[in-house]
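Going by the order they are written in, the chains are A, B and C; count residues from 1 in each one.
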Amino acid sequence: MPADAVLQVTDLDVHYGKGRRRAQALDGVSLEVRRGETVGLIGETGSGKSTLARTILGLVPASAGRVVIDGEEVSGYRQRQWRTLRRRGVVQYVFQDPLRSLDPDVTIADSLIEPLLIRGVARGEALVRVRPLLERVRLDEELLARLPGELSGGQRQRVAVARALVTEPALVILDEPVSALDSANRVEVLEILKELRTSGVALVFISHDLGSVAGVADRVAVMYQGRLVETGTTREVITAPQHVYTRLLIGSAPTLRSGAASRADRDALRAALLTA
Amino acid sequence: MVRRILSLRAGRLAAGILSAIALLAIFGPLLAPDNPLGSSSKTLAGPSGQHWLGTDYLGRDVFSRLLDGSRDSVVGAVEVALVALVVGVIPGLLSVYLGRVFEWTSLRLADTLISLPFLVFAVAVTALLGNGITQAMLVVGVLVSPVFFRVSRAATLAVARSQYVEVALISGASVNWIVRRHVWVKVLPAVAVALAQTMGVGFIVVSSLSFLGIGVQPPAPTWGGLLASDLNYLHYQPWAPVAPSVLIMATVWGCNLLADAIRDVSGETGRALINTRKAQANGLGAKRIPVEGRV
Amino acid sequence: MTILSELRTPHAVPTLPDEIVLALRDVRIYDQVNDREIVHGISFELTPGRVVGIVGESGSGKTLTCRAALGILPEHFAISGGSIEITGQEIAGLTPEQWTGLRGSTISAVFQDPASYLNPSIRVGSQIAEVIRVKTGAKRRQARHRALELLAAVHLRNPALVYEQYTFELSGGMLQRVLIAAAIAADPTVLIADEATTALDVTVQAEILDLLADLQERIGLALLVVSHDLAVVAQLCDEVLVMREGEVVEQGPTAEVLHNPKHEYTRMLIAEHEQYGLERYLEAEADRDGGLTRAG
């Protein structure tokens, strides 16, 4: 494996259920994320993109394939080994809806330092370490004493991003991080993510909409029905999509540019996808 | 937490009532002006300067018996509640985390306990463990514990499936951490409400068992026991049950108020409520936040 | 095209192309509980086959505007100024009976969460058939026949199968189609789509938008499309209104608003797409091809 890869997934298979109800969620997925790189993981509901993320985090067991995180082969890890790995904070995760991913009864400060406290860092030191992060996600220090319910949606999501960064991870997986936000907040969070790239952390940006990751991602990986159907630089994928699904995806994205793809084009692509 | 409870009117009222009851339980037996067991020929007398609450059917001073019985009554009820709490809540929390086998076993055990006939079981166990208030209350506590088990399990399940617990897991949190940090605060109010209710049940049970000669032995007085015997002489002294009833009601009411206060200050709603009150006090006139219906 | 002729019921009043089917004139909406105005005057006109879009964040007053036009404002909200006319009829003073007659058969709507507008324990087909029976007085068998045609008209691949299914068996995109089928069942002249594609995947959103455009072309439906996404509205609409905190900050033909935005908020909405959307790459590509170049 190349020295600069923070994540390497090879031929990953994941199945759900047992016996006759067993269904394949991931089928031979291979993906590599290099240090400091932003990869957009695109796919529709049920395409397996969240399953892939959850498998990388060890929340879903893989039935075949290899996952290597920061040089450490984690396939076949047991609970205890996972816990040790997670405490190092190498990989962090940001959910779509910060209202649900922040405990409503815990103050912003306590939510932010939680990963550090779990690692055994003293409270006082943890609070000191959190301060510089606030600036990076443009949060006011006075918010620290508040509860999540007292913040706006955009502020909450920035808290969630800050918490993911507090352990200085090598990789952060963001699951639809801007889908629940309104335009102004979306732009703000996207800007923050863009700035993060300079700090050397790798990002996997999951979305159902190629349009929302196009401005931040270096590379794009497109998932369809449990398979990775296309990967390439963002420019390549958008301007010269290979797979039928990718073409439909780009043709479907609402753009300000009229006539990006006509209705007839989309109908043809849909038909092609059905027969494929 | 305590300060926040006391900032609510219900919390202050509960604290007042419950401390009065506690003082009664501690000093009651010492304060009794008359021998609570000493009978006299003046049976079923009305209130007078000598006997403030009159005498009962054996001519014993009712006021003295009430004071003397307060310790056993309160201790009994508290014991029932505490035993039920410990026996119910801990497995309730663990049943969510300790895996399938423990979950299945504990659930079936809770079902079994619910289906056991209360008094018969108490008689059987005291026959085994010896007779005494502690043994009796231990048994009753175990029998009541499924309520706590169910309440705490339900609350824990709801939290365990939340995203913020998953976030903590991704950071490498242990079960212990998750329970202490995220689960406990949400389980507490539900348990507090159940606790208050169990206290009420405790008083009744202490007296029911006295009848069977289990726990507190007659002629030693308890509030429940007094109430029961007063009911037999309702014909002659229709006002007699008022005094023990008032004490029992006050205690149960105090517990319920406390439970309400705990529920209101814990969790987001509770805090929002307090913030709103502060805002109102500061003349900001924030809108009232509705709290779910009383239990 | 057979469906089209079927869709036009004999009793439906034929509308002239230039007849105004929905007109809002300086409509203001007032919140009686908090004692403040929420929508500070909105005006637009819809003619058959025309599409008007409203863009704005949640809380900008766009949904209240839709609800006012449908006569379903929540409890303590009231129209405090201006007028709304549906096919020339002023809605102030309409009785509930008159509203019932109007909704569905003249003005109809689809919203964001389709599942919550359907009964989970009744087959979706039966629910559409019921709308047809109530609104057109059709017989049971006739209504079923029409419902199947409608399901085909909204491009559901297997109408007969979908007819027999329950809400939980259908995907979000399919449910929204079913809801659109129900909304156009009584042959309305105006359809309001309030964030109708927001909860859907991008590809499914495009399918629904294509369907709306198709209906507008085929049966001359007048559309009011409401979204938080400027691009969704731009794709479909002839005229765009940009709303912010109850105020219409910009209004005009779509091309004009996109190419020559006047308000800072509109410019931010456009910048969001240009900096963070596909546009960046697509524009560059188009320029290289010597194709479309944008003014402004």
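The definition used in the following text is that a residue touches a chain if its C-beta (ideal position, glycine included) is under 8 Å from a C-beta of that chain, and two chains touch if they have at least 3 such contacts.
Model, not experiment: these values are computed from the prediction.
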Arrangement of touching chains [line / ring / star / complete / other]: line
Chain centroid nearest the full-protein CA centroid: A
Per Cα centroids, the chain farthest from chain B: C
Approximate Å spacing (C-alpha centroids) for the pair chain A, chain B: 49
Mean-CA-position distance for chain C and chain A (Å): 33
Mean-CA-position distance for chain C and chain B (Å): 58
Residues of chain C that touch chain A when the two form their complex: 57-58, 172, 201-207, 209-210, 213-214, 228-232, 234-235, 255, 258, 268-286, 292, 294
Chain B-facing residues of chain A, complex: 57, 59, 82-89, 91-93, 95, 97, 100-106, 111, 114-115, 118-119, 147, 149, 163, 167
Footprint of chain C on chain A - complex, ascending: 44-45, 182-184, 186-187, 190, 208-212, 214-216, 234-235, 238-239, 248-260, 263, 266-267, 270
Residues of chain B defined as touching chain A within the complex: 162-164, 166-174, 177, 181-182, 185-186, 266-268, 271-272
